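Next up is a structure, given as C-alpha cells.
Residue numbering begins at 1 within each chain, and the chains themselves are lettered A, B, C, D and E in the order written.
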Amino acid sequence: MDANARQTETSASTILAVNNIEVIYNHVILVLKGVSLTVPEGGIVALLGANGAGKTTTLKAVSNLLQAERGDVTKGTIVFKDERVEALSPNDLVRRGCIQVMEGRHCFGHLTIEENLLTGAYTRKDGGAAVKADLEMVYDYFPRLRERRGSQAGYTSGGEQQMCAIGRALMSRPSMILLDEPSMGLAPQLVEEIFEIVKELNEKEGVSFLLAEQNTNVALRYATYGYIMESGRIVLDGAAKALRENEDVKEFYLGVGGEGRKSFRNVKHYKRRKRWLA
Amino acid sequence: MFYREAGQYKTTYAADQQIFPIRQDRIGIGVILVLALLLPLVASEFMLSAIAIPFLILALATIGLNILTGYAGQLSLGTGAFMGVGAYSCYKLVTIFPEVNVIVHILLSGVFAAAAGVVFGLPSLRIKGLYLAVTTLAAQFFLEWCFIRISWLYNYNASGAIEVPGREFFGTLVTGPAAGGISRYYVVLAIVVVMTLLIKNLIRGRIGRQWMMIRDMDIAAELMGVRPLVAKLSAFAVSSYVCGVAGAMFVFFYLGAAEPAVFSITLSFQVLFMAIIGGLGSLVGSFFGAAFIWILPILMRVGLPALGVDIAAETVFQVAQMVIGALIIFFLIVEPHGLARLWAIGKEKLRVWPFPYA
Amino acid sequence: MNVLVKPAGMQPDGETAPGEVLLRIDSVSLSFGGVRAITNISFDIIKGEVRAIIGPNGAGKTSMLNVINGFYHPQEGTITWRGKVRRKMKPYEAASHGIARTFQNVALFKGMTTLDNIMTGRGLKMHSGFLWQCLRVGPALREEIEHRRKVEEIIDFLEIQAIRKTPVGRLPYGLQKRVELARALAMEPELLLLDEPMAGMNLEEKEDMSRFILDVNQQFGTTIALIEHDMGVVMDLSDRVVVLDYGRKIADGPPEEVQANQDVIDAYLGVSH
Amino acid sequence: MLYNILIDPFVQMVDAPDFLIQVVWEGFVAGVLYALIALGFVLIYKASGVFNFAQGIMVVFAGLSLVGLHQKGVPAWLALILAIGIMAILAVCIEKFVMRPLVGQPDIILLMATIGMTYFLIGLGEVIFGGEPKQMITSELGLPTGSTAFEMGERGLVILQHIDIAAAVIALLMVGGLAVFFNRTRIGRALRAVADDHTAALSVGISLNQIWAIVWFAAGIVALATGIMWGARSDVSFALEIVALKALPVLILGGFTSIPGAIIGGLIIGIGEKVGEIYWGGLVGGGIESWLAYVIALVFLLFRPQGLFGEKIIERI
Amino acid sequence: EDSVYIQLPTYRTGPYAGSGIHIANGMSDYLAMINARDGGVNGVKIDFDECETGYDTQKGVECYEQAKAKNTLVFNPWSTGITLQVIPKSSVDKIPVLSMAYGLSAAADGNTFPWVFNPPDTYWDGLSAIIKYIGEQEGGMEGLKGKKIGYIFLDAGYGREPIPLLDNLAQKYGFEVLQYPVAGKEMQNQSSQWLSIRRDRPDYVVMWGWGAMNPTAIKEAVKNRFDMSKFIGVWWAGGDEDARAGGAGAKGYKSVSFNNVGADYPALQDIKKLVVDAGNSHTPADTIGENLYNRGVVNALYMVEAIRTAQEMTGKKVINAEDMRLGLENLKIDEARLEAIGLKGMIAPIEITCSNHSGHHPLFIQEWDGEKWTSATDWFSPLTEEVTPILMQASKDYATSNAPWPTRDDACPAN
C-alpha cells in the first residue's frame, strides 16, 4: 500500500509516525491489524471510519492510554518528535506536548468547570500568570463555560462537558492534540467554532492535530490529509481535497451522491457495498 | 479445536437458553459432578471434613453474597452475621421441633436470615456504594452482639455456644459429632448443587436482570420501570436466605458447635474475598473463589511441612498468609474480574485455537 | 428485512387517538439551586408525530426529557398526559405509563450482553412468580421464550444479530446507541424519548438510524420526541420542532419555519443550513 | 423504663459533672485516635478513589518497625527516622507493584488489592517482628507520660493524660497540614481529579505514579503517628489492626473525601459512643460500643447519604 | 524407634499471640527436653509438632481434623471456643481433650464427659477462689455482704462462662455484681469500661481477660487510679507482660494461679541447658520461668505423666489415644513424683479420677511487685462444695440439651 511506503521515509517534518501497529484487548481481541499513519508537523490529519473501525483505539495507542483498558500494542512502533514513545507513560507524553481529548468527555465530575480546566495545566511550569491568561482564552472560546465555571462538571449538560474536555486539553499548551470526536453532542454553530479554533491554533501556534471524527463533512473541510479506517485497517488515504472528490467518500461519508444531498427520509434501506473492500 | 461450538445449531429459543448451550460444557460439568459424587471413594476423612465440606458450604455463602454484591451491586460486609442468623435459627428450630427433619430446618432457617437481611437492607434505598458498607457493618456487629447477649438463642448454655445434636436423614446420621464425613458430604453436595441451580435460574430470569440493572445503572433501571425498593430488598432477601442456609450448614455439617465469634467480621471478609477473587457476578467464580481462599491455605499449611520443608508451624502460617496476599494481588493484576473471567478468557482462547486471537 | 407486524395489544386503549394531544407541557419551570434550567416552557406532543427539540448546548433539552419522564420534578407548571394532569410521579412509573427513552451518555447495563439488555425492556411485561423463576419451568419458561421471540424481532429489525451475545461494554459507541434504541423499543412505548441518538455516528449510520426511527414511528405508530444536533436529520425527520435557548422556548413550529426563524439562526444555527 | 432511657442518664450527667467531663474527654481522645486512622484512609481515598483496607495493618507495621528497631538497640530518634524510611519504601513498593498495574480498574478491585496487601503485610510483619505485643517507646521518644488531675468539688476528679493531649495536638497539626496541602496546592487538585477518573487524569498528564507514591508515603507517616499514639495507650500488637475498623464509621460519617470530616466524624463517633455506652449501655447489659458507632453513622447517613462533608454523589443522566 | 505423636495447637500469631507464644514455648520446650534428656517417656520418643490456630475456631477445627488424621494422643485446644467445638467430636473420635484450666467447667464431670479433662481447676474453681480470697480480705465471707464486685470480661464464651456462678455466689453472700463486657475486637479500647468502673466505684474488680485485653486493662486501671490491690485476674490474666505493661503503677495487681514462677526448678534448668542453650528452641532465655511459660510446661508435664501412667497401666510402650485417656483418668502426681521430675514446688500435687476430670485443686493468689510475680497467699482450696452441685447440674443440662448425648460405656467406679 502506498500509504505505508510513504511512512517509511519519515522526514524531519513529521511530528507523529505510527508504523504498522497491532492492538490486542484482553489478550484475545485483535482490534488494530497493522495501522500506519503520519502527521506532519503543523498538519491537521483526519481519521475517518465507521463505528468500531478502531479510531479511538489508534488514538489511545498513541497517547498510551490503552494499558488502563487492558489493551496492548503488540507490534509496530510509534514515533513522536523523533522519539519512540510506546514505552512512555501518558504523562511523559503530555510533557512532551502530545495530549488527547478522550471520547465521551471524561470530565472530573466532582471538580468545578474551572478546576477541570486548571488540571489541564498540571504539567506546565510557566507560572500562574500564563495559565490565567490561557484560562481567559478558553473562556473566550467557550463563553458558555465562563457562565458555568463554578458548577461541578458532573451536573453540566453533555455539550458543556464536551467543551470542558476540549478546553482542558488546550490548557496544557500542547504541540499536538489527539482529538477524539470533538463535535459529538455539540450544537451546529459550535461545531464550526471548534474547527475554527482548531484552524486558528494550527495556523497561529503551529499545533498539529490528529482528529477522529464522524462528521466527515466538516473534518475534511478543515483537515489537510485524511485516512479512512475499516475494521482495524487503513483502507484509503489521501489529501483532504482528493478525498472529498472521491466518489465513494462522497457517497458513504458525505451523503452527496450524483444528484446532490439526499433526504434522510428517502434513504433506501439496503446494504450497499463499499468498493474499496472488494 | 476441541472446544468449539461449530456445528451445534439451536433451533429453538429454549435450546438456546440452556444453562450450558455448548455441548463440551455440558460434558465438562457432567464429569465434574460424577467426580464430586465419587470423591468419598478416594478422599480421606480429613479431605472430606476439613476441605470438601467447608469448601462447598462457603461456596454457597459466596453465591449468596454474590447475589447481593455481584449481581445487585450492593456492597455487603455483613455476610458473617447473616450466616449467624441462619445458624442460630436452625439451632432454635431443631431444639424446639426436634421431630421435624433437620434438612427442613436448614432450609427454613434461611427465612429468618432473609428477614434480617431485609431489615438491614432498607437503608440501601438511600445509601449507596461504600457508604452502604456501614449499614451492613452495623448489621454485622449488632447481630454478633445479639448472639452473645440473647441467651435464649443458645438455650442459656453456660458456655454461650450452640452444639449440634445428632439428627438423621433417611436413617443415616447426618448431623452431630457421630455423623460420618461421607453422609455429611453427600447432603451438603446435594443442597449446594440444587441451590446453585435454582439461583442460576433466578439470575437469568426477570428478577436477576432487575438486580443487574440496578447494579449497572440504577437511574436507567428506575426509568425503565424497576422499583428500586423491590429490586434491592429482594436481592437482600434472597442473598441473606442463601447465606443463612450456608450458615446453618456451616455449623450443622462442618463445625459441629459454634460460639458467636465464628460469625465475626472475619467470616464476612473471608466470604467477600472469595466473591471478589472468584469474580463478582459469576456463579462458577464463587466456587473458584471459595477454593482459592479456603483450600489453598490449607494445602500450604499441610503441604509445606509434608514436603519436608522444616519450618515452624507459625512460620508456615505466616508464609501462607503472605503468599495468599501476594497471589490475590497477582491475580487481580492478571485479571481484575476474578478467576471466573480468567476461566472465560481461557475458554475463548481454546475456542480460537490454533489462532492466537479472534 | 422481516416485515414488522404491529403486535396485538401494542396500541393502548383508545384513550388518545392519532392526531390528539398526547402530552402537554404547561408553563413548566425547573431550577437547580441558582441555575435555571427551564423557564416557563409550554408545548405539546401530538400522538403519532415526531417532535424534535433542539437548541444550543445547555439550553435545557435533556432536562426537558427528564421532566417528561419524571426524573426531574419541575417547581412550576403542569404536565398533562393523555388528557389528564399528571401528579408528581416516581421515575419508575414513567415506564408503566408507556414512556421509554434513550440517554445522551449511553446508559446501557454494562455487565450484560446485548440480548439481556434488550430483555430488560420486557421486564414490565413479565409476571411469572418468584418460585416459577427459580425452577424455570411452566409460566416462567414460556414467558421467557415468548419475550425472547419479541426481542429477536427487534434485533432483526435493528440488524444487530451479530452482537447478540457480546457484552455491551465492548461494543463501539455507535452500536451501543443502537442497542439502547433496541432496549427502549422492547418496552413497546407509546412515547419514545430519544436524546441525541445519532451523536458520534457517521453518515451511513445516521441514515440507518433515521430509517429505524421512521419505521418505528410509521409502523408502530409510536410518538417520538427527538433531541438532535444534526440539522439535516431534524429537518428531514421531524413533523414539528421546538427550539429552546437558555431554558426558554424561542420557536415552535414546522421545521422549515423554524429553520428560517432569525432568533433560531442567531442562537443556534449560526449560518442557515 | 422510659424514665431510665429518657431522664435518668441526664440526671446522672448533672449530678456528676466532673465525670461527664471525663467521659467527654475520653471520648474526645478516642475520637482523635479514630480520626488519625481515618485520616490515613481519607488520604488514599482522595488520591485514588481507593478504600485502603491496609491502613490498619500499616499502623501496626509502622509501630512495630519503630519499636522493633529500638529493641534491636537502635536509639529512639534514629529508629523513628528509619521507620519513616521504611514507610517510604513501602509506599514506593505499593505504588509500583500494586497500584500501577491496576490503574483504571473499578474501586472494588482496588479495594481487594489492598486486602491482598493486608494479608501480605500481616504475614511479613509477623515473620519479621514476631507476633507478641510490644511496648511503645513513649518516653524514649520524648513524649510526655504523666497525667494531671483536676479536683472538682469535694469528690470530683478529672484526670488528663499528657500523652492524650499530645495525641490531640499532633492530630490537629496533621489535619491542618494535610487540609492545606489538599486544598491549596496544585497537587491537591490533581489528587481529586485522579479520584474521579484515573484515565482522564492520565490523559491530562497527571503522573499517577508520582502522586500515588507521595500519597501512600503521607498515609504511611500518618500510620506511624497513629501507631505511636495507639501504642502508647495499649501495646503495639496485631490486635490493633482490628481497632482500625472503627475508622470506617468515622470515615463514612465524615465523608470519604474530607480531611476535616475525618476529625469531626472521629469526634462525633468517639464522644457519642462513650457517652452512649456509659449512660445508656447499662440498660441492655453494656458492650453496645461494638455497634453503636455504626448506628450513629447510619443515622447521619440517612439524612446525608454522602456523609457530613463528603462530596455529593452525582446523579445525572 | 518407638514414638507417639502429639499435635500442639498453638497461636503465635494474631491478637492473642501475646499470651499464646509463651504457652507454646513452654509446652514445646518441655516435650523437647523430655526427648533430649530421657529419650522420651520410658524410651518412647514424643513426636510433636505445632499447628497454628491463630485462636480462630475455624483453623482450630482444621487442626483438630489434621491431628485426628495423624492419630494424636491428645488434643490441647488452648482456646475455649475451640474446646467447645471439639468436645462433641472427641467422644466420637476417641481423642482425649486436655483443656488445662479452661474450656467447659462442666466437663469436670467425667461421667458425662469421659473424653474431656480440665485439671487442675475449672473456671468456676478459679472464680470461687477469688471470691473466697476477697472474703478473707474483708474479714470472712460475711464481709462480702453489701460489697460491689466488678467483673470485667472478654465478651465471649470464655468470659461469660463464670457469670452463672458469680450470680449464684452474689446471691448467697449478698454482694452486688457489676458486669463490664469487653468485645473481642474492642480489646485494646477499654476506656468506656474503666470509666464506668470509676463511676460505679466497685470495691473489687475481677478480670477474665486474655491476649491483648490484659495489658490494656491494666494500663487503663492504672490510668484511672484504681486501687490495684483490689484488682484480681483469673490465671490467664496473669502473664508477666500483661502486668509489666502497667509500669510502676501496676504494683499490687493480683491474679489467681496454680503454678509458681521462677526458673530455678531442675527441670527448667534442664530445658535451658538441653533445649534453649542448645539452640533447639525459639524461646528467649529470659522468659523461662515467667508465669505463662511455666504454665505451658505444666500442660506438657500433664501429658508426659499421663503417657507414663498409661504405659504402666496397659503395659504397652507405644500407647494410643484411648490408652492416653486411661492415663489421664488415673493421673496422679504427688510430691515425690514432682521431686523426681524436678518441678517440686512449682505446682501442687494433683490427682485426676474417672469421675472427676478436674480435681478442683488448691490455688493461690499471686501479686505483681513491679518486676515479677510473688505469692500473696498460701495454697488454698476453692469453694468446691458450693461449686460442685452447680457444676453437676450444668453437666446434666449439657447432656440433655445435646441429647442423645453418648453415655459413658464403662461406668466409673463409685468412690
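Descriptive notes on the structure:
One rule holds for everything that comes next: a residue touches a chain if its C-beta (ideal position, glycine included) is under 8 Å from a C-beta of that chain, and two chains touch if they have at least 3 such contacts.
In UniProt terms, the chains line up like this: A, C = ABC transporter ATP-binding protein; B, D = Branched-chain amino acid ABC transporter permease.
In this text, all values refer to a predicted model and were calculated from it rather than measured experimentally.
Touching chain C and chain E together: B, D.
Using the average of C-alpha coordinates as each chain's centre, C ends up farthest from chain D.
When chain centres are set by their Cα atoms, the one at the greatest distance from chain B is A. Rounded to a whole number, the gap between the C-alpha centres of chain A and chain E is 75 angstrom.
Chain D has its Cα centroid 49 Å from the Cα centroid of chain C. Averaging Cα coordinates per chain places chain B and chain E 37 Å apart. Rounded to whole angstrom units, the spacing between the C-alpha centres of chain A and chain D is 45.
Within chain E, contacts with two or more other chains are made by residues 11-13, 155, 181, 183-185. Residue positions 29, 155 of chain A each touch two or more of the other chains. In chain B, the residues that touch at least two other chains are 145, 148, 219-220, 223, 265, 314, 318. The chain pairs satisfying the stated touch condition come to A-B, A-C, A-D, B-C, B-D, B-E, C-D, D-E.
Residue ranges of chain A in contact with chain C, taken from their complex: 25, 29, 48-53, 56, 103-105, 144, 148, 151, 155-160, 162-163, 181, 184-193, 214, 216, 252-255, 261, 263-265, 267, 269. The part of chain C that touches chain A in the complex is made up of residues 1, 32, 35, 55-59, 62, 104-105, 170-175, 196, 199-208, 210-211, 214, 229-233, 236-237, 268-271, 273.
Those residues of chain D that touch chain C in the complex are listed here as 317.
For chain E in complex with chain D, the residues that touch the partner chain are 11-18, 20-21, 155, 179-189, 191-193, 195-196, 198-199, 211-212, 215-216, 219, 223-225, 241, 244-245. On the side of chain D, the complex with chain B involves touching residues 51, 97-98, 101-102, 105-109, 111-113, 115-124, 126-127, 131, 245, 248-249, 252, 256, 284-285, 287-288, 290-291, 294-295, 297-298, 301-302, 305-307, 310, 313, 315, 317.
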